[in-house]
Structures are given as structure tokens and as C-alpha cells.
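This report refers to the structure that appears directly beneath it.
The first chain written gets the first letter, and so on, giving A, B, C, D and E; residue counts start at 1 in each chain.
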Amino acid sequence: MSEVKNPKLSIHDLKVWFNSGRDKVDAVKSVSFEVAEGESFGLVGESGSGKSTVLRAITGLAPYWSGSCKIDKASLTGRRRSREFFRKVQMVFQDPYASLHPRHTVDQVLSETLYLQGIKDIEHNIVRLLSNVGLTSKFRFRFPHQLSGGQRQRVAIARALAGQPEVLLLDEPTSALDVSVQAEILNLLNDLRNEQNLTFIFVSHNLAVVTHMCDRIAVMRQGEIVECLLADQLGRGEISHPYSAELLEATYG
Amino acid sequence: MINLYRVFYRCLLAASLAFASLTSFADTPDDTLVVALRIDDITTIDPAESFEFAGSDVSRNVYQKLVNFDPFDLDAGYQPEIAESWSVSADGRSITFTIRDGLVFSSGNPVTAEDVEFSLRRAVALEKTPSFILTQFGFSAENLDETIMQSENTVTITTDKRYATSFVLNCLTATIGGIVDKKTVMANEVNGDMGNAWLKTNSAGSGPYMLSSWKPNESVALTANPNFSGQIPAMSRVIIRHVQESASQRLLMERGDIDVARNLNSDDIKGLRDADGVRIIDELRGRLMYFALNQKHPELSKLKVRQAVKYLVDYKAMESSFLDGQYVIQQNFLPRTFLGAVDENPFTLDIEKAKGLLAEANVDQLEIEVGVREAQERIEIAQSLQNTFAQAGITLNITVGTGKQILGRYRSRDLDVYLGAWGPDYPDPHTNAGTFAYNPENSDAANATGLLAWRNSWDTGGLTEKTAAAVEESDRDKRAEMYAEIQANFRETSPFTIMFQRIEQAAVQDNVDNLFLGGATTAATYWTVTK
Amino acid sequence: MLCIDNLWVKFPTSQGLFEAVRGISFSLSHERLGIVGESGSGKSLTGRAILRLIRHPAIVKANYITFHEQNVLDLKEKEMRKIRGRRISMVMQDPKFSLNPVMTIGSQIIEAYRQHNQASYKVAFRNALEMLEAVLIHDPERVMRCYPHEVSGGMGQRIMIAMMLIPNPEVLIADEPTSALDVSVQRQVMKILDNLVTERGMGLILISHDLNLVSEFCDRILIMYAGRIVEVCDAAKLRQASHPYTQGLLNSLPRLSERVPRLTVLQRDINWTEAASVRG
Amino acid sequence: MEGQQLAFLKILSKAITTFISIAITMLGLLLVTFVIGRVMPIDPVLAIVGERASQATYDAVYNELGLDKPILVQFSYYIWDVLHGDFGDSLLNARPVSEDIARVFPATLELATLGILLGVILGTPLGVISAVRQGSWIDQVARFIALVGYSMPIFWLGLMGLLIFYGILGWVGGPGRLDIFFEDIIPVRTGMILVDSIIAQNGVVFRNALSHIILPASLLGYYSMAYITRMTRSFMLEQLSSEYILTARIKGLSERQVIWGHAFKNIRVQLITVIALSYASLLEGSVLTEIIFSWPGIGSYVTTALLSADMNAVLGGTVVIGLIFVCLNILSDLLYGIFDPRSK
Amino acid sequence: MSNLPIQDWLLSDEPTSRRQAKLSRLFKGWVAFQTNVLAMIGLGILLLLIFVAVFAPLLAPHDPFVQNLGNRLQPIGSDQHIFGTDSLGRDILSRLIFGARITLYIVVLVAIIAPVVGLLVGTVSGYIGGVVDMILMRITDVFLAFPRLVLALAFVAVLGAGIENAVIAISLTAWPPYARIARAETLTIRSSDYICAIRLQGAGPLRIITKHIWPLCISSLIIRVTLDMAGIILVAAGLGFLGLGAQPPSPEWGAMISEGRRFILDSWWVATIPGLAIFAVSLAFNLLGDGLRDVLDPKSGRS
């Protein structure tokens, strides 16, 4: 795949599978890509194409994987990740209804995260985090069920940002939201990236959204990257692989 | 939706119809006696092994003995049964029995001296629990050839020393004296067990009945012995059914589904007195209710304390309330109707006197544990004691457990106070004297767990020797006197507080006659019953 | 064909009655009508209210809901059942949940057919096969024996369409029929649905949050906001919609063709909520 | 061909794992029972020799029972015997435990089966109706009936039932399985009198047995009904709010078809588990019911044995009950496979 | 709606402090719970039980232990004894009142032991999985396959009769179902996004189990325990009935039934009154459990 100078994240020949033995299921067959610092890299594909699994493998949430995976040239092994890794890399999940603990207030979620990341002055930081994601402190003591979908996703983003990470893995962060809310969240993410010089890996099934968010886009199908494109190319419809064309055709607009 | 309801209602209707159509009942058949009784204590009906109340009932109706009691006249004492007559040797150590002619076992085999010799030798040789009744005369597996001998139609037994003849013969009326059919038994011998395994669940006797089935915890069925030499009983079948609950027995009685209910509590007896067609039989039995103080306990071993607790029992109130009709006050270790029994019951509830005695013993505020078997009347007695003891400053903590559990602790001298019952093993005064007032060696090492005095670590203060002397006295009156003296001493000094003697109350249908429960000395007879 | 006048749907909650649909009126002829709105705008409840599928304790009120001049609200439950499926049918969002998991696909389709046609099992079976073929399922006989968990989402939705169309209804309500599906399958399923509806001359109510989808497949669009219809327009003229809400929705979509640094965010106006419902 | 082989191997490996897990469970069960039996402060030797026995007799029996050997040795002997189908002899009455269990178990089986049948026949429709009519009077009544069933002490209800239906009204038979004079009339085949009397075509005995069993069975049936009703109701409520039910309604199906044809089909699996559990608990023997109704079943057998330190009987009874429990679990798993296509 | 300020504060959707958030959640649960009439009745009965237990010495007209053998088995409605007297002439009402303490004691003790053991075993087993899961679940299976009363009896026999031991025995037989429930819940929670999210913050298993999984399992366990409580009281009564529960003269209700059952045909009230008391408390727990399920069940609390 395309070479990047000084990659923040580089993945080579990543394979991920579930269940061992006879019931083995290959979720990712062989994926390689590199992401530069400050870049926003998109992974697009349909459900089951393995795009989310790539993120899970990086964060150690996938059970079995092989290949090499480097953050800042440091190789990752197995399922254990160090504290430093979690300080550098964070993730935002797809369903904001499922990614917040139903019995914890926003305050609890953030303060626990801050505590775990070893950050002092929790009080002050909570307020800062909330305002970063565009929430006032009146949301601080609410439970998830007292928040709208968009607000929940903001909290989830705030949580991911608590330890001031360098890389943010975004797993379909807007697919469960209404379009008007989606726009707000996408704008927020772009702002945050610019402000904090974050590196994004953005996973989505929506070509338009990925094109909007990313510089480079990899199209995945059945656990493999079929094509890697620049966003501008995609916008102009300059694609070579028939599957990408199919996707493009399907995505109206 | 409507259909759903219809289905449902139809089901309900069908169920209620089925329920209502089950109501047809008849009385018990004329030639069958149906008895409700707790029989969960039966573990065997081999006479050489059987040692429980319900088991001895069965045994009495199935096996004949050398000498036995006449149910119509228990007071007459032992009478000839298989033995036609007997004679005692000059030194008083040998008794020779002449075997009656014409007696036949249920198998059809005649009863011979050989059977008698075999049965007695077998009972000794098997060494089962009740064998001590015979071995106390010095019989053992090794000396059987010299001690129990048969010749022609006589059997001679020779004891190790001189005993009161009445003592020996009384012992032979116990269940272990049952005579079994040697041929049948030995035909069923397995691994040299002298037919023990077979006899546990089968009978081979010459009594009026034979065992047709025993289902543990369920029922015992007896059928008339077709070869019985005496009068064939009126009841050709006797079915003893295990019914645990008194209330259930009473209901069965009221509905006429049984002829006899034998485990009714006093309140159910009261209830049945008013019922139509039911009669109550009262018979004084040999069982005593007592509590005993462990002499290992420093405070309880004081004589004054032993005496004080005897004034802390509300004998009268218990006798007239929850024990009403089922127990009678008895403060001596020989049950009424036993040889040597006395009728002196000096103790009554007297808190002040008890307090005084306790003060003399320097006992103030005592906390002790009493172990009770899980049986309602005993728990109630314990609670009553708890109540009266508390008034004299003694805290009594009740520990209820299963019979085996409490007994285990009692045997290992581990309980402060034991509250329980004692039944005579054979109808001779020595059975109780020999356990309450006899303890030749009081050390832990002696492990004489069979002796109640030992279990309470009581050295008997000289009663042991007197008891040993009484058992050798062949003069009946003199012997009775000796027991009276022992009991007088025992009453005042022993750590035993004997409280009550059992009265068995059974409810019978009006048409049932001549049911005898066995009094204080023996077991129930069913062959006499008519209806 | 179908006329709805002043429809209200209310739910009792601990904070009093929640009004999910607030007095909307519209009518449907032999056309394809789209109802668009964000989640919570009341569009799905509208569809269900027509079939009288909203159950106690929710309250449904309307001046009338007439189907061929007959007020559906006055019908007995038994008569209503003859309308459901037979004359008005509905396809729901996610085939994973809307098919009975323990019945074979065949038996579910056959049941739908036999419910409204006196037919032998054989006839029903043949019809079911044909219907599955009509929704472009290649080996219908195998699929008939399958259980719902054994088929993919796209196929499940086609099966759902087949099942709902087999009694040949006059009106089909499609409630977010493709939003649980992958993008590439979405179009395919929509096309099948569209073809069948046009061929059979049915009326279609397409309920969706996807403006693009609705504008592509419908003749007319109702835009709902907070339980009311804020705008009615021809599908072809969606881009020229006048209501700021509609415009806002359109603008907040990212586009492949023109990349913008920031998306326009919808600015909501409190007045939209209170403005009277537009008649559609 | 290869696919078939693979499938066969899969089934085989599943069978083996199931078997191993049963074996482990049973072994654990035996071990626990065995340990309990050994640490219990009830002396099995005393239970045999009686309270008047001498120390020599005591010691002899102690050694005879193998109690002088290390506990693991005792346990391994026991396992060895059990594997040969030998539960040993009852310490108390010296009869083979297996024989005793063969006698008492059918009594419990008969009672429990009738009880569970009553519970299912009444409880299931009641649960369904009250779910469908959530909040209506019938729902309230059903819930109340179930609640009462949950809350009533069975021994009290049993005694009262006996007093009223037997003592006063005389509608049913009294304690015991048969009236005395019907005993031993019909040959024992299954040990279940209702079945045996049908085999023997003896209507009189059948009626009598039925009159005896109906009250305790109704009582047990009531308790299982309470449980089944409650579970059915909550399962049905869950199903009725699911989307496929809406689909079924859209198809124009009648309520009955929706409820029984669709919703009920989906709760069968859960219901089977509930019924199996309920049945298992009845088969364990309801000790209190058995005592009150003088019912010679396995519950009272094991309890009596336990209280009199008859450890062979306790171990045997426990193994049988544990086996039944495990078997019912497997059975409900199998039915799960049949009724729920998703589990394949 | 004329709410008091405190109510407004509690019902606020915008809590401004941790305390308000917590109280508000409790209050809202309470408000939802209040609408359930049956559950309120249940709660009322239980509060009454607690009240009676606390103030037993003040409420009881007689000493529950004082015997009067001359005055035994007085019928209901006697002059001095509203509920009559038992076979030792003790006042049944007073014994009932003091018995409330024991019942409460059983309830609290079992509620502390069994679910906690179940929760520990279940969550650890479910979260760690693998060999640990297998071993723990086999142990659970063994206990499940055991005849319950036999197990309880055996434990009581080993430990000795008495109310504490009876409670421990009951708890030992009661935990396996809770372990199963907790494990099932853990399995679904374990792979949920919010657990992944906290793992990505570097939280260890101990923290995840105690701070994240437990709070979610606890509500379903509370429901189960409440619903089971009736059964537990009945088992304790059953043990009392067999003489292995509370020891005399303790006025435990099950033991009272057991004592009174001898007179059930003539003096029916002696057994019936404690029976009714047990019934009322079990009923109350059932009603309360049903109500709590509506309030606490996370499944229904979604929308």
C-alpha cells in the first residue's frame, strides 16, 4: 500500500480471526496500511467487511490476530496493551446508546477515566472536557438516559479525549444519529482534530461521510482492502475497482 | 380470545368433575386388622437382632419363646410357652426346660429342643446389640457347648454364677428369646451368618402370625400362621401402616380407614373421645421420661444441686396439660407393675426449697445446656423445665437434634443435661437397676456406654454393689425389698430426675376387642383381637 | 383512497400525556407518498395508527381515517383484520426482528397467503414460490425451508416484502424498509419494492429519515417535525423546498461531489413546533 | 462425504464433552455427599450397633464399614461400587439401597408427574391469558393465585387440605398411596400404581389410587402452577412486545393465531426449561408433602436416611436425584435444539 | 402540578451535583414505584414487619416466653389473648410479634450471604472465562444438581441445629441460581461497548467487575432475591418444621407452626396464625419483587 513518511501508525499484513480450531472464522484476511501523524484515514466498507475489527485488533479487543502493528514504531503484541498505549490511542464507538454505562452519570464516566489516566485536578478537567465537546456543565450530572443521542456521542468523545490521546479510532461514530446531529458531530470531530493535532482512523459504511472526513480512504471488502483512494479522487469518481464503483453508485448524492 | 377461555373453562370443569367422582369408601375388611403406627424404627425383625419398639411388636406376634406372658393376665408374670416346665439345679446355676410337644413352625417343621438350643446359641453367637441380655449370664460364643445344651426334649442353660431364676426367665421373655426354625433358617444361611440376612426380612417362627411383607417406613403385613398349634387368630391379616403424623392417624381413624391408631397425641385422643364409634385404650407402659445431670460438670456434681433440680420440675402441671393422659408421674427407676416398684413420688415443684438448696451449694446463676431429641413432647418438657429452672436462676439452653446426634453426645459424656426416655429391655427390675444404679468403673477409659450411670459419670455412691447383690437374691420378696431400698437412696442422691412413666393411648374402632398393647413388660398382641 | 384527518397519538407517561403525533391530516391516492422526518418526529406512529396497531395504553384519536370511504376507526377488530394484510399492508425496518425466528420462511409466507385466500396448501406453496421469485430470490425452494436467521439482511427484507405483498394489498406502508441494510443492498431492495408497487398499482407510503431515498422513489413528500407536518412538496422539487427545516436537513448532509470544510448545522426554531400542521 | 464425516465428528465430540461434563458433575456430587456423610456428627456405627453396644462390637462394626481407612480410599471404593451399579446395602436395614430406591422412587415419580401435569395444564394457559390481558381482572386473579402459591407454607396447606377434603368432606383418599385392602392386589410392574392398575386393567384399584394421589398431586401441581404461570406470563409479555408479533398482526392474523401460532411458539424453549426445572424439584421429593401424606417417596427416604446416618442410602438417593436433574437438563437442551432453529 | 421545591429539585432533569443526581435517580424510582399499588402494599407490610420487630417489647401484650400450663390452647379472641395461647399457655400474639425479629433476621442474613456469593462466583466466572469459568460452573452445577433440602439438612446436621446455621445452610443452597444469573448478565455486559471503553482507559479486571459489572447485575439479583425471599422464609420454616431451624423457646414462625400442627384438628389457630404471618410476609416480598422488577429492570428501563 501507499508509503507514508514517519507513520504514526503502521499496520502490515494484519490478520484477525475469531474462534480457534474448526470453528475459526477469518474476519480480516490481510490488511496493511500506514497513517501519518495528523492525518485522517478512512476505512469504508459494508457490514462484515472487517473494518471495525481492524480497530478492535489495534486496541487489543479482538481475540486472535497476527501481523505487525506499530504505533510510533513501537510494536504491539498479543491482547495486552500498556498504559502508554491507552494514553496515545483512544476509540469512539458506534452506538452511543451502548457505549455509556447506563448507571453512571457523565460526571462518573469522565472522572473515572481521568483517574485511570492518572490525571490530577479532576474537577477542573471535567469542565474543560465538557466544554471541549460543546456541552455545558449542566449536563455533568446526568445519566445517559437523560441525554439525546448526539449528546451521548459527545460524552463518548469527551471520554476518549480525557487522556489527551494522539490517535483517535472512530468506529462509525455517527451512523446511529439523525443527519442534522451527524453534521454537528462531524464538525466537532474536525474541530478537535485541528485543535489538538489528532490522527484519525475513521470507519464508516457511508462514503459521503468518509469522504467528508478523511484525506485518504481504503475500501474494504470481506476482510481485505480492495482499493486505496484519495478523498478528492473519490469525490470526482476516479475509481478503478468495480466494488468501489458499486458502492459509489449505491451512495446517492 | 373467546375460544381460549372456553378451552380453559372446559379444563377446569373436567378437573372438578374428575375430583368429585372419587368419593366412595368402605370400612376395613372383617378379617383384617389395620393399625397405624410409626414403624420407622424397624431395622430388622430377626429376633436375635431386633431391639426397637415396633420391631418387638412384630416379633411378639410371630415368635414363641420358652416362657412368655399371657396377654390376658400380664400381672401373673412369665408363663410356660414352648417350655412345658423347668427345673432349677441345686446350685441354682442351671435351669432345664422341658419342651412342649406338638408345636409347629409356620414352615410345618415341629418345634424341637434342637431348635431352642440353636436359637439361643445363635442369639449369643451373632453378638448383635441385644445379645447382652443373654451374655450377662456368662454365655459367650466360646462356651456355648457347655452353657446351652439340648438333650432329647430338654434344653439346659447354665449361668456363670447364681442368679435369681425370675431374672433369668424374665430375660428369656425378651424379643431375643424368640425361637426360630433351625432348618428353614440354616437353609437360608449366607456366608456363615446363621440366616441373619434372611431373617431380617422374613420370619421363621411358631407364633400365631407370619410375616408376609415388610416395606421399611411403609408397612408391615402379617398373615395368620396356617400351622399354628394354638387357636387360629380371628384376624387373618394384620397390616401395620407407617403414618408419621398424629393428625393423619386421627383423620384415618375418623374416616374408618384404620382399626387402630397408636401414635395419637393427647389432644387428638381428646378429640377422638367425642367421635362416634371410637374407643380409647389406656395401658401403662414401661418407658420412663427422665433427665440427668452430667457429673463431670463441677456445679452439677454437687449433691445439693442434684437435689435442688428435682424440686424445679412442674410435674403436676405437665401431667395435667400437654402430657395429659399419656404420662403419669413416676419418680423411681422401676416402672409401676415391675417387681420392686415403689409408689413414692415425694418431689413437687418448690422453687423456694430449690433456691435454698442451691444457696447451700453456693450456686448462683448457672447456665447449662440440655440436649433433646427432636420429638415434640420432649421439646415441650424441656421448655417447661427451662421455665421453672429460670425461676431459680438456672439458665437452660435447649439443643434439639436428631436422635442419633444427641445420643452420640450423651454417650461420649459431652452433654450437661440429657433429657430423654428409657425403656426396660426385659421385664426384670435388673434391666433398669443395672443401668441407672450400676457403674463398676467410672473412668473414661471404661467406655461403658451402655450404662446410664456411666454416661453421666456417676459413681453411684455404693449402689453398684447393692444392685449386684439384688440380682443374685432368689427370694422374690426379699429381692423386691432390696430394690425399694436402692430406689429410696437413688431418689435422693442420684443425678437422675425421673419424672414420668408412659401411658400408651390407642384409639380403636368400637368393634375391635381384646387388643393388648403389652403393658410395662411386653409388646402388643394382635392375635387376640376380634371384631 | 386513504384519507386521514386530524390524527393524534398520545402516550401517558409519568410526566403526563406525551403527544407523539399532533393533529396531522393527509390523503393518499394511487401514488407513492414519502413521509420524512428525524427520529421522534412521529412518522412511524402515523403508519401504525392507520392499521390500528397502536395498542393500549397509547391513545389514537382522529376525526376520521377513511379507507375507500369507510372509517377504519369504526370497524370492529374482526373487520379490521380483513383489512390488515389483505388491503393495507406494512413492511418494517429490520427483518432480523420482524420475522418469527422459530418458523420457516415458507410457513410464514404461506400463512400470510392463506389468511386471506381460501386455498390449499399446495396452491399457497406455489404462490409463495412465485412471490419469492418476484422479489428476485433465485432458489426459492431452498429459502422456503430456511429459518430467518439463516438468510442475510437484504434477503430477509425481500422475503418480508414478498410476505406482505402476497395477499395483494392496495396500500403498502413501508416503514424505514432499508435502513437496517447495507448501502449496496438498499437500492436493490428499494427497486424491487418500487417495481412491484408500480406494477400492481398499489398506493405506497414510504416512511424514512433518508431524504435522498425518499426523493428518488416517491411522487410526493410529507416532511414531519415534532409530530406535525411542516411541509408537503413534490419529490422532484425537494431541492426547492421552502421550509427552513427541510432546507436545513438537506444542507447538513455531506456530499461526495462537493467537499466543504464544515457542514452546515441545522438551526432549529421554536416556532416550527407550534406552527399549524400542513395538510398533505 | 467429507461434510458428513465432519458433521459426525462434531456430534461425536459434542457427545463426548457432554458426557465428560456429566461425569464431572456426578463425581463432584458424590464427593460432596461423601464428605458430608463423613463429617456429619451422626455416627453411622452407632446407628447400626444401637446405644447399648459394647466398645468391642462398636469397633468391629467400625472396621467392617471401612471407616478406619483414609477417606479417599473409602471414596474410591465407593465410586468403584457405584460404577458397578452397586450403591451398597442400607446400613440400617441391610437391604440393597438400589432395591429401596427402586421401591420409593416410582411413588415420587408418580406424584411428581401428576403434579407437573396439573401445573402445566393449568399454569400455561393461565400465564398466557394473563400476559395477553395484562392488567385485566383475569390477570390480577391469575397473579394473585400464583402469588398465594408462592407464599403459602405447603405443610400447612397440606394438613388443611387433608382435614377438609378427606376428614370433613371425604372427597378424597387419606394418607398413603392406597387404602390398605387394595394393597398388593395388582402386580408391581412400574411401581407406579396408576400405571400398574391400568396394565392390570383393574379399575377399582385405579380409582382408589387416584383418590389418594389427587390431593397431594394437586398441592404440588398448585405450587408448580404458580411458578409456571408467573414465568409464562413474563415470557409472553416479552414476546408480545416484539416486532414479529406486529408483523403477524399486520398480516391480519386473529389474536389467537398471533398468541398461540407465533408468540407461544417462541416461548416453548424457555418454558421447557422452566418446566424441566420445576419437574426436577418435584422429583427431588417434597419431603414435607411426603411426610404429611405418608407418601413413601424418595424425598422422605433420603431425609430419614440422612437423619439416621444411613450414608449408603443418602449417597444412593442423592446420586439418583442428581442423575435425574442432569438428565432433565440434557433433555431440555435437546428439546431446545428441536424447538429453536437458532441453536443449530 | 403544584410540586414542592424539593420535589422539583429531585425531579430535575438537570441535576447540578453528584448528590442531586443520585437522590434524583432514587426519587424517580420511588415515584415510579409508588404508582404500583400492589408493590406499595407489599412495602407497607414489610415496613410494618420492621416496625413490629423494632418495637416488639413495647407492642407485645405479654412476655412471649412466660408459660401458663393451666391456660393452654385458649381460642382466638380470648379475653387476655387475642390470638389465643399455645400448648404451653404462651400468648400467641406476643410470640408472633417477637417472631418478626427472627424472620427479619433470616431475611437479612440470607439476603446478605446468598446473592453475594452468587455474584462473586458468577461475575468472576463470566468475566474471566476459560478454565476458571469451567471449574466454577461445574461446582455450581454440582450444587444445583443436589437435592436442596438434603443439602440444607446435611449442613444443619454438620453445623448443629440453630437459626444461624439454618440460614447459612439455606444460603449455601440458594447461591447457585444467582451465580448463573450473574454469569449470564456478565457475559452480555462483558462484551458491551462501555466495558470496552473502560478497558481502553486501562482499567483492570478487578475494577471492571466491581465498579461496572456488579452495579448492573445487582438490580436483577435484587429482584430475584426479593422474589425468592418468600421461598427462603418457607424453607427456613420447613427446617423449623423438621426441628432443625430455630431452637425452642424461640418464637420462630416456622417452629410455631411445627409446634402447633399437633393441634391442627382442634386448635387450628395455633398453627394457622403463624402460617398466615408467613404467608403475609412472603406475599409482601413477592409483591415488592414484582414492583422492583418494573422499576429496576434495565430491560424495561430503556426508552
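Assume a contact is a pair of C-beta atoms (placed from the backbone, for glycine too) under 8 Å apart; a residue touches a chain by one contact, two chains touch by 3 or more.
Only a predicted model underlies this, so the values are computations on that prediction, with no experimental measurement involved.
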Chain D to chain E, fewest steps along touching chains: 1
Neighbouring chains common to chain B and chain D, by label: E
Chains contacting each of chain A and chain D, listed by label: C, E
Between chain C and chain B, distance of the C-alpha-averaged centres to the nearest whole Å: 87
Length of the line joining the C-alpha centres of chain A and chain B, rounded to whole Å: 86
Interchain centroid distance [CA atoms averaged], chain C/chain E, Å: 49
Chain centre separation in whole Å, for chain C relative to chain A (CA means): 33
Residues of chain E touching at least two other chains: 157, 160, 242, 261, 264-265
In the complex with chain E, residue positions of chain B that touch it: 245-247, 250-251, 265, 267-268, 270-271, 314, 317-318, 320-322, 374, 376, 379-380, 382-384, 386-387, 398-402, 405
Parts of chain E lying in touch with chain D, wherever the complex brings them together: 138-139, 141-150, 153-155, 157-158, 160, 227, 230-231, 234, 237-238, 241-242, 254, 257, 261, 264-265, 271-272, 275, 278-280, 282-283, 286-287, 290
Chain E to chain B touching residues, read off their complex: 65-67, 69-70, 72-73, 87-89, 157, 160-161, 242-244, 247-249, 259, 261-267
Residues of chain B touching chain D in the complex: 1, 3-5, 7-8, 11-12, 15, 18-20, 22-25, 28-29, 32, 34, 40, 42-44, 51, 127, 129-130, 132, 197, 200-201, 213, 215-219, 221, 239, 241-245, 247-248, 251-252, 254-255, 257-258, 402-405, 407-409, 411, 425, 447, 449-450
Residue numbers on chain D that touch chain C, as the complex places them: 242-244, 246-255, 257, 261-262, 265-266, 268, 339-342
